[in-house]
Structure formats: C-alpha cells, structure tokens
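Let me begin by handing over the structure; questions about it come next.
Every chain is named by a letter (A, B, C and D) in the order it is written, and numbering of its residues begins at 1.
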Amino acid sequence: MSKPVCAIVGIGPGNGASFARKFDNEGYAVALLSRSTDYSNELARELSDAKAYACDASDPTAVVAAFEQVENELGAVDTLIYNAGSGSWKNVEEITPEEFELGWRINTLGALVSSQQVIPAMKQAGTGNIIFIGATASLRGVPMTAGFAPAKAAQRILAQSMAKHLWPQGIHVAVMIIDGGIRAPGTARSNGADKLEPDDIALAAHYLTTQPQSAWSFEVDVRPMLEKW
Amino acid sequence: MSKPVCAIVGIGPGNGASFARKFDNEGYAVALLSRSTDYSNELARELSDAKAYACDASDPTAVVAAFEQVENELGAVDTLIYNAGSGSWKNVEEITPEEFELGWRINTLGALVSSQQVIPAMKQAGTGNIIFIGATASLRGVPMTAGFAPAKAAQRILAQSMAKHLWPQGIHVAVMIIDGGIRAPGTARSNGADKLEPDDIALAAHYLTTQPQSAWSFEVDVRPMLEKW
Amino acid sequence: MSKPVCAIVGIGPGNGASFARKFDNEGYAVALLSRSTDYSNELARELSDAKAYACDASDPTAVVAAFEQVENELGAVDTLIYNAGSGSWKNVEEITPEEFELGWRINTLGALVSSQQVIPAMKQAGTGNIIFIGATASLRGVPMTAGFAPAKAAQRILAQSMAKHLWPQGIHVAVMIIDGGIRAPGTARSNGADKLEPDDIALAAHYLTTQPQSAWSFEVDVRPMLEKW
Amino acid sequence: MSKPVCAIVGIGPGNGASFARKFDNEGYAVALLSRSTDYSNELARELSDAKAYACDASDPTAVVAAFEQVENELGAVDTLIYNAGSGSWKNVEEITPEEFELGWRINTLGALVSSQQVIPAMKQAGTGNIIFIGATASLRGVPMTAGFAPAKAAQRILAQSMAKHLWPQGIHVAVMIIDGGIRAPGTARSNGADKLEPDDIALAAHYLTTQPQSAWSFEVDVRPMLEKW
C-alpha cells in the first residue's frame, strides 16, 4: 500500500525542515516545495522518502504546475502544510505597493492556490488535512507590520472560510498561530524555552492531523513558556 | 479661509452618496472618486461643493493620479473615507485566483495606496481622518466569503497598523464595521430598522471625525436594531 | 412634558461627574447612584436637575431599593450608565476569593441587577439606552488583573447577551471600552492627549444614545491619541 | 517512584469520566472531585488508581478542604482539569441574581480557588498543568446565555491572566473551548461526527499536558467535523 503524501510549501532549515522530518518519520512521502531547491534537495537526501520541487508560492501558475508534478510523482496529497511566509518590517509610510502585494501573494494567495490544488482529491477521498502556519500578526497589527499583518490576517480568515466549507466534507483545515521568536537553525536549543523550537512546532502540526473527527481544532496558538504576550 | 477637503473613494447611490451629502452639509469640499463618473458627476451637481474624479481603486497608478488631481484642484485632504469594496460570493472551490486578487485590490490595496496619498499632508498639518468602511466579514469567514472575508480582514488589520503609527501624529485612523444589509436606494426607509440606512452610516462616520483627541475610537460597529448577530 | 431620566451608577469626581454634567446639559433629570453620597450630593447641587441616591452596587437588595426610589421620584429611567467599577491589582496567587468576588459583584452583578430594574419600563416605552463602561481588561488578561479582567470580561459578554435580546425591543445596549489612563480630577488637561479626558468619554457615551435605530453600535473603544496599544 | 496526580473537578458520566479514564490510562493517580460522590465512587472502582472526593466547586471552603485531602492522600497535584460547569439557559429578564451568582461560582470562582490550591506545589516543582474546560459562550453571548456566557468569559480571561503569570514558572495553564453538543453517555457514537465525543475531548486535554515548553498552546478549540459555526 502506498504511503500518504504530505506536501509542505515553504522549505528552509527552520520550520520547513522540521515539518519535513516529522512527517517523514511518521511514514509520509514528503513533497518539499520552495522557490529555490538548493536547500530542499539537500534535505530530501537526508529523508527516507522525500522529493524537492521548485515552486514560487507567490505565482499561481508555478503553484499549479508544482502540485501537478507532485500528484503525478507521489500521488494525491493527504496533508498540506502551508509554511510559505515572508514579511517586510515596514510601516504604512515606508512600505511600497509592490512589497505589500508580494507579502499578500506569498502569505495569502499562495495559500489559496495551493489549497485549491489538493482539495479535489481530498474531497474524493473524504479525508485530508490543510494546515496554514500563521502568526500572531494575523490577530493584531502594529506600526511595523503594515504589510505582514494584513497578509496574515487574510490568510487566517481564508482558513476559517475554508474550514467551514470543507470540514463537513472530511477535510480538516486548521491554522497554527506562531507567537514568538523561532530558534534559528544551528543555534543552541534554549533550555529556558524563550524561543519556539521548530521540532516542537512540527509536533503540534502533526498532532492536528491525528485528531479524531469529533473534536477537531481550527486554531491553535503555540508560544514559548517564557514569551511575553 | 478654504474649506476642509473630504475625499471619498467608492461612490454609488448608497453609502457613497450619503457620505458625500453629509460632508457636503458639514462644510467640506468633497472629492468623489469612483471607477466610472457617470453617477458621481450627477451627484456632484446636486452638492454645493463637490467634484467627481475617475479612479479605479484597484489600480495604484490610477489612485496616485486621482489624488494628485484632487490635491491640485481642491487642496490637501483632511478626511479620507475609503468606501470602495466589492466581493464575490464564492467558496474556496469556486473562486478563481483572479477574483480573489481583484477583491484584495479593491478592499485592501486600494485602501493602502489611497492612504499613502493623503498621509504626508496630514502629517504636515498634524491632523486628519482616515476611515475605512469595513464589514463583519473582517472578523469571521463563512464558506461563501472565501474572497471577501480575507480582503476585509486584511483591510481591518492594515487600519490597526496604521492607527498605531499615525494616531500619535494627530491622524485619526478608524474602521467602521458594517454589520447587516444596507437599504437599497429608492426603496422605502424601514421603520422597523431591519436594514442599515446609508444616511445613518454617514452620521457615524462623520461623528468619528469630531471626536476629541483624548478619546478616539478605532473600531466602531454599526448594525440595525433588528439585525440577528 | 417631563424630562427623560438618566441614571448613573458609580459617581466620583472623574467619569461619573462628567456623565452627570453631560446628561444634565442635554436636558435629562439625572439620578446619581453611589455607595457614599458625600460627593454626589455636592455634585447634585451643582447640576440643574439631579439627585443623589445611596446605593452599594455590589448589593442587589440595595440596587433594587435605590432604583425603586429613583423611579418613584424622577420617573422611569430612559438611559442607564453603569459606571461602577473597581479592581484589585493582584495576580492569581495574591488575590483572595473575597476580593475576587467583590470585583465581580461591582463590575458584573451590579450591572445585571441595575439593568433588570430599568428594562421593564424601557420595554413598555419601546425605547431606552443601557451603557456599560468597560475596559480593555475585558478583552485580555495580564498577570496583575486576575480579578479585574474576569469581572470586566463577564460584564462585556453580559452586555452582548443583553443587546441581542433587547435591541429588537428598542433598547440600545452598548459597552464602551475605555483603553488608557484617565485624567485625574484637578490635574491639568493634557494637550498631548496622553490621557482620557472624562468629559470626552461622556461625549462618546451621550453620542451612543443619539444613534438612529438603523445604525446602532454595540462596542465602542476610546483611547487617547498618544496611547500605546 | 510515585505516580503523578491528576485532579479533576466536575465528574459525571460524560467529559469528567473520559478525563478520568484517559489520565488513569496514562499512569496518573486520579482525584475525582464532585458535589455528590454517588457516580464518582462507582467510577473510581472502575479505574486502576482513582479516588472520589466530595467537593462543591461553588464553595471555596469546600474546595480548600477537598484539595487538602487530595494532597494528603495522593500527593501534590501535577495536573488540574477544571471541568465543573453549569449554566441556566435564561435571558437577562428571566435570570435571577441568585442563578447568575451560582453560575459564576461554579464556572469562575471555583476555577480560581481550585487553581490556588495546586499552584504552590506546582511552583515548587517547577512544572504542572492547569486546564480549564471552557465553551464558545466565553467568546460571545446570545440572548439565552445571560448567565452562562459571562461566567465562561470570566473563566477564560482568568485563565489568560494566570497563564501570563504562571507559564514563566513552568506551569502550563490552558483553556479548551468546547464548541458543539457533546455525545450523551449511553447513546451511540456518531459516525458522522456531529457531536463531540468525550473521549476525544479527553485526548485533546491530555495532549496539552504533553506539549514541550517551547511550544505551549493557551487556547484550543474543539468541535465536531459537522458543527455549524
């Protein structure tokens, strides 16, 4: 019997790699989608059953093409983790319309288009998971998140609209609200838990995919023990 | 002494016309910005001091050009009311990336770019008002608002980021959450108050511009007495 | 024709006095309810048509008796402003169950019981206003608001339950979220607007009572221009 | 080595029993606290290491006494699940101050006092879990939840104040938002997942106690796949 497929959009040595390792460990075939495949190819070699795909998440055409390739090569996607994200740290006076648009393309539009690629097969299977990796910025804006916060807020409400539409069809849509700094790869793991550890974020994401249908979570916040909030 | 200038983006015979009439009555010179000027020209003739400007709010270049013209002809804008809005009523499976983008351009990007045109003069004056006309959809998504809700959520959080940055400089940024159906122009005014009356929405918008600096509101919801919520 | 009656629960030289002065100016007969009448008697003499009533808002029996007296002497209440509030500044380890209960009695139970005294006549009249003076603490708790935040959160959601029940009957229930420090009586009015001015809070409260039925607000935040939020 | 102790306040054949069974299975000694011990004694016999304690959660004196007994007999509590809850289904006109107070005593005051009994030992241990079983009513009030919603809103914000104070000391405070009807004991388990299954709620509660310190959740919603929300 074939393995379930997990597609992760947005692969870097932080969260993306941790999602990949976790789902690889859990017996999934893992598709690694990212703009550049320099790192993801390396990561794929380290995993037992993973493959890297070039995919600029901000470009719908590229997203469509990449998911088509994933489905052809690995099969229908069971779990989509949308981890692509970026944000300029600028206020309303500094941000250009182009930067504002790019943030929205990566955080919001890419999440929609990626989801649209996997929904049909999930509906047919009557099961599936779509998890958006969000941020506290989705819940409140501050001066320097004039671009990032609106994009994340849009992503979160998109997830809510999707959840209300897709849950009854067996597709578990959820959003994780990452609240806090994330430990940078290569730095020492903090004992005091003042930073989010990517492996622990991945644990929480995987947990969501194991929830029974009678008690699904839509929105889960994660933050370090020592975070000020 | 010259009149203060109120620029309204999004003019139709509903809310847009009511905003225009209210600020005209209150002694403002009123700039009416809308894609087509068929209706706004007619409205301008009805008002004491108003002028229509063609402006596709979804197109940054057009927005920049229109506000330049407004400033040249009427002077620096004191009050911006961003009323442009539109939304497809579609779920995540039905909406196209193009429709999704258009909703974001009109509801979110246009709000940013319009604001950016008026902020410099407001900063110089140390005073000004920017009011976004929002919707309950900004706070929660339902299946059929896969496009509209994310765009409105982004608009609301953009306003919050802007408010935290601009309030200390004397610019009152606020968002009105319209919750309920709006009485269509030409239909009888409801006595039972089951629909929002555009003139009453305009009253609330104007009120925001009169608040003293020690007690500014950021977010004001308005809904009819009989609304289910 | 008799004047409309405004009952204000919680009278001190700050917000309470400003509410009283504003509604007095607007032509209301004003009932001043507070635990001690030392200050409220003095205030009543200063106003054109006001009367002080002793009323411990935390004690339902006292609240019932005071409102009975108000109705007998001034007539049915048109506008209730529930301004009683207090809070210990303690964390979960420091606060005693007695302090926790007292905060709830003043902020929450008193708001319920006061409302229950005025609702019957408002229903009969098909009109009326009930405004709770809330706080940002109703929306989020911090370590030192273990008692205050829960009491304010309960008050806010009580207002929401009441609004959904009473709006269709013509009674405008609303909550004001006071966000920021309030200028202490006797201190200089801040030009920089870093504190809330009680008179300006009163302006916002009175505005709520003037909204037309087609566009009522439920929740209105007010904060100074310079507030960090 | 002694087992960790889980204290559950509010034991019935639904959620309470499921929490008890789950933590019993996971190797905890389980303290079952409820007003009547008729059912909890029966449940204790069914479990491998559990004991029933009479405790009226609405009465601080009773709560203090019960937790003292638990600590003496089973040892310091590692995990507290506050599951006591009740609510009258009444609007603001129907609810009596007594009913309103009782709801607050059970849902809010009992949660505070129970927590205060276990915090000192948790602080000393530098670890522990406190989980409140909340409800969607904590986030919004409707006409018939004039008593229930304020009590649950207060409970949720209390949890937030506690979390911000206790997390840095190693105590994981969290609140579960139960959204939907719960399967009644003895009825058939729904395949369509239109009701929450108590065993699945217990799974989510236990999961919270296993989260690593770098990625703790504060607020987790659970609802059935088919729930309308």
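To be clear about the criterion, a residue touches a chain if its C-beta (ideal position, glycine included) is under 8 Å from a C-beta of that chain, and two chains touch if they have at least 3 such contacts.
Everything quoted here is computed from the prediction, not taken from an experiment.
Averaging C-alpha coordinates per chain and comparing to chain D, the farthest chain turns out to be B. Of all residue numbers used at the contact between chain B and chain C, over half are used by both chains, marking a mostly same-residue interface. Averaged C-alpha coordinates give centres for chain B and chain D that are 45 Å from one another. Chain A and chain D have centres, each the mean of its CA atoms, that are 32 Å apart. Within chain B, the positions touching two or more other chains are listed as 164.
Because contacts link each chain to exactly two others and close back on themselves, their graph is best described as a ring.
Under the contact rule stated at the top, the pairs of chains that touch are A-B, A-D, B-C, C-D.
Residues 164, 167-168, 170, 172, 183, 190, 193, 195-197, 200-201, 203-204, 207, 211-227, 229 of chain A touch chain D in their complex. On the chain D side of its complex with chain C, the touching residues are 60, 91-93, 95, 97, 100-101, 104, 108-109, 112-113, 115-116, 119, 137-138, 140-146, 149-162, 164-166.
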